[in-house]
Amino acid sequence: MSGGDIKLVGFLCNWCSYAGADMAGTSRMAQPAEMRIVRLPCTGRVNPLLVLKAFQEGADGVLVSGCHPGDCHYNEGNYYAHRRLELLSRMMAVYGIEPERFRYTWISASEGARWAETVTGFTETIRPLGRLNLAGGGARDDDHHQGPAAGSASPAEKR
Amino acid sequence: MKFIASDRIDGLLERLGERGPVWAPREPEGAAGTVLFAPWRPGDAVELDRFTTLSAKKLVLPASEKLLSFSYSLTPEGEALDITGADQGRGDTVLFGARVCDARAFTVLDALLALPPGESYQDPGYRSRRRNLLVITLACTAGDAACFCSSWKEGTASTQGSDLMLYPAGEGYLARSVSPRGEELLALDIWEDSDLEPPELAVTDRVPFEALEAKLVGSLFSDLDFWRELTAKCVSCGYCTYTCPTCYCFDMYDEMSSSRDGERCRSWDACMFYLYTLETSGHNPRPTIAHRYRNRIGHKFSYYPANQGPVLCTGCGRCIRGCPVGLDIRDVLRAAGER
Amino acid sequence: MNGIVDTIKNVLKETDLVLGWTTDPVTGVATPARFHDEKEAEQAVFDSTCAHNLAVHLPRLKDSRVGIVAKGCDARSVIELIIEHEVQREQLAVIGVGCGSLLDVKKIWRRYGYGVAIKDRDDSLLIGGEQVNRDEFIQRKCHGCLEADPDIYDVIAGEVTGEIPTDTVRPHPLHDMFVSLTPAERRSFWREQFSRCIRCYACREVCPMCFCRDVCIMQTQIPRWAGGAVDAKQSEMIQLIRVNHLAGRCTGCGECERACPVGIPLMLLLDEQNHAIEEMFAYGAGASLKARPPLLVFDVNKDIWGKG
Amino acid sequence: MSTIPRQGKKALEPLRPEKATVVDVIRETHNIKSLRVVFDDEELMTSFTFQPGQVGQLGVMGAGESTFAIASPPSQREYIQFSVMKTGVVTTAIHELAVGDRVTVRAPMGNHFPVDRWQGKNVLVIGGGIGMAPLRSLFLHMMDHREEYGHLQLIYGARTPSDICYRDDCRDWKQCGDVDFITTIDTGNQDWEGRVGLVPAVLEEEEPSPENNIAVTCGPPVMIKFVLESLGKMGFRDEQIYTTLERRMKCGIGLCGRCNVGPRYVCTDGPVFSLKELGELPDEM
Amino acid sequence: MRIGVFVCQCGTNIAATVSTERVASAAMALRDVVHAESIQYTCSDPGQRTVIAAAHKYALDRVVIAACSPRMHETTFQRTMAQAGINPFMMEMVNIREHCSWIHSDMEVATEKAIDLVSMGVAKVRGQTPLFSSHVPVVSEVLIIGGGVAGIQAALDIADAGMPVTLVERGPTIGGNMARLDKTFPTLDCSSCILTPRMVEVKHHENIRLMVNSEVEQVRGYIGNFEVDIRKKATCVDEEKCTGCQICEQKCPSEAPDEFNAGVGETKAISIAFPQAVPLVASLRKEYCRLYIKGKCGICKKVCPADAVDYEQEDELHTEKFGAIVVATGYELFDWRQAYPHYGGGLYPDVITSIQYERMLSASGPTGGHIQRPSDGAEPKEIVFLSCVGSRDESIGRPLCCKVGCMYIAKQAILTREHIPDSRTYVFYMDVRAGGKGYDEFYRRAQKEAGAVYLRGRVGKIYPRGGKLVVMGADTLVGENVEVEADLVVLATGIDAAAGAGSLAQRLNIPYDQYGFLSESHPKLRPVETTTGGIFLAGACQGPKDIPETVAQASAAAAKVIVLLSHDELETSPMIAEVNHMRCIGCFKCREVCPYHAIEEQGLRDGRRVAVVIESLCQGCGLCTVACPPSVISLRGYTDNQLIEEVTAVLR
């Protein structure tokens, strides 16, 4: 992973935001390099679990971007996505993920500049937060035999 | 007999800790009163009055365990594959505060997983852990309504699987070694001499199951209605199998750590799960809860005794205490006995 | 106004079986039971130890005409199951029971030992002969109970309380501690909690809304959301799966937490999500037969497009 | 039951597979491929022996392993052949394999057809679909030792002409004149010259005599069910009939707890059972 | 599995910032990658030949091409795959140009990122399986909704191509708004003279079935296979028997508003809309009929010489199958009254709409072609036209342009001078939009020949004074307030989609905007298609249009339909959802979220009810895959495991 320590994943719909990111590229708009884009047909395809899985596997920030309301290529995809993603963003803190680490946004195919700004802003938000390390302590049982310290923190350390 | 006062238990554990990690019954914070065998460190409170929810089996059969690691690489001759076995070299681990039923469970599992070479399958992970495990058992002066270890001949007096027995007495515990390794422990200078008499041990519920071995492959097997009726409230979770000190079934799977490297692992699995026996064709030989429960009881009280000798149960009562729907294995055994 | 036994007998005339409770002779507390005939129904009870949510069995009994004894909270699950077409209202006879409050038997057992004598009288609770503060041993969901009497029923057994419970909502015992934690501390909190998980899936199997059951993606290879290991990471993932799938569907019955053998505070997660759902969509699962699950619909005009 | 020998008592690391390399991939049908593999360890390959009916675990590290019947005969010392139908994760990974790819093998496992006890007898082999795999091994083995057996008959059924595996073998068997080989398909087309009809029906038309005859069948559960019925009608006794059982297996050493039928483990006590032995097992198919 | 990775240099577009050699060598370290190379221009002919040669040499079964955006060259390389004998879907494009080389300047950083992106592509393509398009048979019959000029044009074009057409019109006659116009701009040809013959042609065309007084109630099915419920409303007149003699209309005692004439004059409860109506059949409006209001009458039945009146007639429900649907529901004028109280809000009879004025201009109209003030029947001399009433007016939330107002005001101004040579016309306008062929010339003709006075500004108020109407506005060009005393004020009101267009759109499952205009699939490249396959748009239902545009679009829609139905079977995209029946629990949450109604219920032999995807309907959005609790629906090309692998590939 380049461009610093953090790892960012973007889930972009093919029709608007991915094209918007293309537009930013075509216009040679400089952006931070931490973002890795996954192309999907629609934000309606973004399973909230995919976002959480990304965090679990080591992402430090996840950005979902799709068509503006009313512009969905599939008419309704982003309306459903909006409800799912808004709920997800409200649950982030409960899972112990700083809410800033997850963002969803609507960027059209013509908004290359907006994409570039969004990536830049998002990256700059996450950088000071650093690594998330959500599931870093997932020690397997057989590791316990290496000593008690491997698997579980004492209550005193928890706070 | 040797004796140790309750307030010196911490000292004992500290000394035991010199031999390796010490696991003892503890109540973790924020666990709603659950008592578990957990790694003990100085300062941790030990809970010796209440029973643990989970058995100590993970000390010999970890919930997840690496079996092999593998790695692919690209060579001029094409792809190469490298496989290495898990390192089974390890030091001692001390289990402190096991109960008779927990300790005896190790000997039950030994019958399959650690018989002398040539006599049975040798499980390298199990054998290594078992060989390096010191078991200090606390004898029970009281059971609860779920205990039924007295169904076995020696009941609470059994010392099988233990290295050292502790008996509550006075303001502490009398100690008796039941193995050479236990003898080594008694040689520690932390023990006092005492004239206290060992206490009277608990007598728990007795469930007759001797007749089941034949029945469970015969008349009872074909009587699916019997199993349907008894398991009507079962929701098919894995609680009973995972808390059981003798259930050993497992799943195998591969985990990739990069695109070319990974591990082959095994994890606990439960015969109560539908997926456990589901074939890729969609066929499932144990499609309903009744089928699966029948296999569970059959395995414990008939197939295992027939193949390995001991009954695959020690009467610890864990599957009864926490069953989400209050299913009591003793009801099933008794009903089976009456058929 | 019939008692539970007579009511079940009556309902059995119209149904194949009735889901209810009977008393376990060993422990003296209620245990789920199925009644098929009048003789069996004689064993039926309803008391303050009937905590189990019997609605969990309904999706597995699709082919039968089923009677179910339901408390107010259970009725919410029944409603949600009907909304999601898992249960046919016509196939179902709901025997409503008015509920005061339920004992947390597992808590009692964990503290006093399994099978300890429990005597619950109107105003006092005796555990092993010792008088204790009853308030301390009632199920948490009973504090701030939403529905003492069922919202859906065909017949009422005994007397309904007829009261809207006045007790105030009591947050999860760990709530205050939890909210004071920073995100990073919360991460370690969950890691610690999930490190106890043994992946027995009791949380899922007792949940009336987790009706995928045998095909649940917690265990599948296709898709493979969670790995096979029993460790904090995978256990966290399977709970994330559960919480996500229960969005707008969890009625807050608390069965998952009650069933968890290692005391993981699962309702901390679900309570928070239920609050968020209520705030966003003014929706409470199981509150109304007419409602539509909020993630299966959208409202172009009302949904707030705040971000972007 | 004591007649079934307990096997799989390998010491040390029985779950650790041997490395092997794919030397040939044969696309049999739209969802069945045969893979020929060779142990990387030449010594092991040279010393590798097994009996018809035995199985092996073929695996792809990273995807897992699965149990398959060995489809090549013991006389085939150049390679070990497995035939794999694409159904799940592991079989999909196996289907992606190309020549030169690395696989793992644990073999042989389980029991085998008691071919030694069949000497001098007629043998009737009835296979359907992918169930032909162990029967191919058996049949080729018997052809190798043709003089030890009496009349050999093979009835092989598939759903359609394009579902027929082992086309080269089929051609050989048809041409050799030394065995009675019948292929049949459930639904025919104009190009099909063989028989049309379900296997049990063809079997009944053939009406083989149970006299000094052994019947071996393997195939889809439904086919087996009706074949057994037909054999019974024709006077075959249970101890004359053999079949193989299929179960979900993981460990292959009688441990993980999936494949048991009552106290017997298909992976170690099976997969070959006579109908008589099956009758003594609890009914959990 | 044998994967080939090709890293495009794109000349220097990529190679200047990304070390394509390093990316290629890093790709070789990935599992199952057996070949990787860097190519100067991969999309060029030699580039593609290099890929094909490598595919053969290394027996590749999957390919990753790291180059520009897949939106640019995915189809190019899919064709390359086909040439190389690899299923086109076994290729994954990785965007290292727009998403990498063009936005980063540090070679190290950009190369590392490109390597990550390639590893994601490889991870994803590993989980890819070959995909094949499938085919569904199509019904060759076409449904056209709306019998205005658009519907007529489309119907005739399609019918002439030999395909059976059903033209459904909700009113009693076809012809639509165009039939109400007197003359058309900019040629001033007579509207009915152009239209009426086409209407008659529809009536007599052997491939066209005309259903008037009919509405589409429900639409099921999908492209090539729609099933439509059409309700034919009872009109109390037997269409077969009625001869159009109009005796009933003459004898009918019940007066009724004349909708065809936009309320200028009255007609009868039983009537024929206009003399050239097609079909020429009377219909009875019960809401105005004495028999239905008072319970006593029945005159029409008595007088009808053909015995065509039937009070017992009931609605008929027809269910028909169609392969394609053309929506041509047209427009209606914006109802200005609520929004413009300062223009009297409808209280002043001499403030009328342009369509009412149009009817007065028409020789066959209610006034016989005489312009009359509604208040007193007098001939107006001072006539004021207001443009953009309900158009381009942000203050009432209607920023849209009606597109035809400027031109028909010019037309009406010219016609006014022809009808009343001594009249004076004033036009308050915002801008004059006269972009069509001959349009600007026509507008200037209104000024020069017809002497229309054009004043640029919005009218603030209209109020009556001494039998006249005072129109207060501003001439913003001069910067002065202007007051005109008018005999008649004509409002060029804006255009809305026809009433009910929104609900029809919902039934058809096609999107529409706030004015009810139906949305095209792509404003430039798919202007007559909707997002639902097999449903096309023609005319003003899609947005304001003049007649030439409407007719052109109708013919375009017809052409699309003809192309679609010229095949017996349809090829469908394979990148769609698919249900694993073995694990489907039959909860049908997928069906609830599917925007295309592409999920249906199916019973299995074991009694389970499971979801199946209707392949020809599914557009591949993936909404269902997320709604499915056990994740048994997968979107081909974007399965859960593929996405999980893609994500974890870059993170671990």
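Order as written gives the chain letters A, B, C, D and E; numbering starts at 1 within each chain.
The rule is short, and it goes like this: a residue touches a chain if its C-beta (ideal position, glycine included) is under 8 Å from a C-beta of that chain, and two chains touch if they have at least 3 such contacts.
This structure is a prediction, so every number in the text was calculated from the model and none was measured.
Note on connectivity: the fewest chain-to-chain touch steps from subunit A to subunit D number 2.
Under the contact definition, subunit C and subunit D share the contacting chains B, E. Across the two interfaces under comparison, B-E and B-D, the one joined by more C-beta contacts turns out to be B-D. Centroid distances from subunit B, each centroid being the mean of CA atoms, peak for E.
When each chain is reduced to the mean of its CA atoms, the one lying nearest the mean of all protein CA atoms is A. Put simply, the C-alpha centre of subunit C and that of subunit E have 50 angstrom between them.
With centres defined as mean CA coordinates, subunit C is found 33 Å away from subunit A. Per-chain CA centroids place subunit A at a distance of 42 Å from subunit B.
For this pair, subunit D with subunit E, the centres built from the Cα atoms lie 62 Å apart. Of all residues in subunit C, those that touch two or more other chains are 189, 192, 213, 220, 222, 225, 229-231, 295. Along subunit A, residues 48, 53, 76, 80, 84, 140-141, 151-152, 158 each make contact with two or more other chains.
The set of subunit E residues that touch two or more partner chains comprises 31, 593, 627, 631, 640, 644, 652.
Partner subunit C is touched in their complex by these residues of subunit A: 48-49, 52-53, 56, 68-70, 76, 79-80, 82-84, 86-91, 93-98, 103-107, 132-141, 151-153, 157-159. Interface residues of subunit D, counted against subunit C in their complex, comprise 88-89. Residues 28-31, 33, 119, 122-123, 582, 649, 652 of subunit E are the ones touching subunit B in the complex. Touching subunit B in their complex are the following residues of subunit C: 24, 26-27, 29-34, 52, 56-57, 106-107, 109-111, 113-116, 173-174, 177, 189, 192-193, 196, 198-202, 204-206, 213-214, 219-220, 227-231, 255, 257-259, 261-265.
By the touch criterion given at the top, residues 28, 30-36, 50-51, 53-54, 63-64, 144-146, 232-233, 235-239, 241-243, 251, 253, 255, 265, 267-268, 270, 273-275, 278, 317, 320-322, 324-326, 328 of subunit B touch subunit C in their complex.
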